[in-house]
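Worksheet for the structure shown next.
Residue numbering begins at 1 within each chain, and the chains themselves are lettered A, B, C and D in the order written.
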């Protein structure tokens, strides 16, 4: 099996190195990752400029693009043979609830949706500096073995968040839904040293929907949270509502 | 009513100007848009650097960030009073099927999900150079009036694609689901003038799932396609599958 | 005569528009300028990525590169016929003393050194918001006429600074040498809203050598300062010193 | 003695590592260098955005800015105590003749002009892939020792180019002047895969003035070329010419 690894914290990130070390005994590993921190890059793709890919000192391939660029390149011609699946992470920080919309780690996994096996995004849900990458690395191994033994449909995307505790303190695994955050905190307005206005994006909103069943809740209770994500954003339950709403003079 | 407009083609784009002109008679309009082309930026957010916002000659506010940055700033403190809804577009080019994952226009609308009224992303589905922005502008007006007369739930996000034909050639409106593309074409490998390898992201894949009911099909038949999108990416139908898959020794 | 205009404040800058308006009656004008503010870009060249050039709404050609890129492109194939000379500016702010090392405006003029006529960098020496672009524009016309009537050697680069006063308050013209600043003020250390260290380049140092004969002095007295710059950075007076220093065992 | 090292090829570049290794036995070494390749950055300074500085795995401080930013930060507050001198390089490629206008390596040295000892920019004049960094490293040691034994004026900036040959094949040292190149080769116009025009900066011009006494000549004959550079760009010999040119009605 050939597994492609990527992330959004950059090819030198401790979480990526830990993931590569953990999975290497079980598969052929190729790493294609951004040449620097690209957190919150979401699914952004570089269409206007060419990309460059170089083998770095640690054997990883670094690309001057986004996480999506990295995986896109890797599976459309850069790597031979094509990988069978993508693992993205281990992200330095949680990707819970609305975070997944912005996450470069989840985006990297998304880009692996055309491959033969499910894609996995794995994040260490730390509050401050991440400490227990070894816990998330062990979880990655457990999930890889399980995916081999008991395959899931290939269009599955698993968003995994691991509490930042020692492996023996993990309470178990939970299949979850995404919770939700409140709207972000207000923009932070400052003046630069030359007296001009600058704005910083404010911190994410507090948890709004974080009750039992959500990823927020699972992680807060010490469980590994696993949320299946869909890549078809159609809100099927609302197609009829829109159809009715459109009926009448508009479509006459 | 106070409507926030944004886009991903930049504050000078013809589609944005057309949209502002069309909606201005019906509402207070504020435009906050990127200072340059940011197509395919998806939901990327600028967290590491501050942003700058300036009123441009045309009265629009330009920001040196992504579409998501623009809307985020606008609704978390830059604009007073806060807007009631977001219209993003008119995008120069279609946002059909998988395109929505990468689209900066759809992302701008997404960022308006916390506002009091639905968000609308509107794109002109042209093959080459866009020609009939006036058609998409008329569609925007129709939808705005309809949203006022017959409100939809506030967490609704409408992805609208308009055929690039004269207004009188529009066949009507269709509520659709997203179609799907094949995997992208292979990466394009070249050498730069200094002899070094560069890679360009290949063109989007051909349509794979473009039958009746899809957005691809509606547009190709001359209809305005309207797809309700969901922002909760949880794949609810698969939570149980994942739960069963996890059961056994893993969660023991 | 065909004059190429560029700047570092971007193709929409008021100073550039004023310069183009002033010179247009006297020559064919082509403007090739950065698509956004590129102050302090110095002579940086974009070698790793391709550039894009588009005709903007105001008829200027905008390039997604540095001032040096703009002039380089313009004189190596983008413009037909090739321009005869370069005017860069009107810069929003002075370029006095050590400023010329960093200035994108001076760099744009530098890049015109291979053309048939002298290159001119012109800056408005304002303290706060620039006010009297018309004064600098008149100066540009005076210099252009004079260059036509009484040519200077083609490898001449004139660095012009104009006091930000009404035209009638200009005291005259002075041929000057560059003054010198003290070392810059200390770096400004802050924390970003996420608690991480960031650094801002401090303000330029105060004037150290600003006595009679310098550009600083001329401008402060209300004169237009004109400093001839050389592009051969060799310090000829020191070649012998280095030769002697090297003699002995090193070169044995 | 405390020596600051920087470069423009990035903190991981082989030439920088070789330089640090060579000088470490003779002084306290601090390295502050760009986090990625910033060749041809010239003296560009980052004024609009803050910078971030991190200690990398190899102990060097990496900054998300230009070479000039790196040295500027280092000597205006980042490093305690302040360094005594700057060595920039070993650049991957020559910096001969007009190259010095664009070079980030020379710019890094320039920024050290306020320190107590001369600044040195050192480049390996290779044609293709650099091979003999050890030769340039030895040259750096020779020059450092010489600067300590027989000090040069503190405002001296030495631009050093070392032939890419084995140390025993170096023919000696030469004090040189800068040669000159012809105008650059024409811009290279291409179409990107989406059919849009792109432009690449063409290669540097051929040597125009490369006879005896120039840096080009010294290197081509197997000598280490050392050119003293001046940072005062005033063309003193032309001030009178400009004064006369201005006299008459202009200054009336």
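Convention: a residue touches a chain if its C-beta (ideal position, glycine included) is under 8 Å from a C-beta of that chain, and two chains touch if they have at least 3 such contacts.
Not measured: the values here are computed from a predicted model.
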item	value
Pair exhibiting more inter-chain C-beta contacts, B-C or C-D	C-D
Farthest-lying chain, centroid of Cα atoms versus that of chain A	C
Cα-centroid distance, chain B relative to chain C, in whole angstrom	41
Where chain A and chain C are represented by their mean Cα positions, the distance between them in whole Å	46
Cα-centroid distance, chain C relative to chain D, in whole angstrom	21
Where chain B touches two or more other chains at once, by residue number	47-48, 50, 52, 192, 194, 200, 202
Pairwise touch network: line, ring, star, complete, or other	complete
Contact footprint of chain D on chain C as seen in their complex	37, 39-48, 50-53, 66, 68-69, 72-73, 75-78, 98, 100-102, 104, 107, 110, 114, 142, 146, 150, 152, 156-158, 172-178, 180, 183-187, 189-190, 192, 196-202, 226-236, 238-243, 245-246, 250-252
Chain D contact footprint on chain B (complex, rising order)	48-50, 52, 188, 192-194, 200, 202-203
Touching residues on chain A, where the partner in the complex is chain D	12, 35-36, 47-48, 57, 64, 192, 194
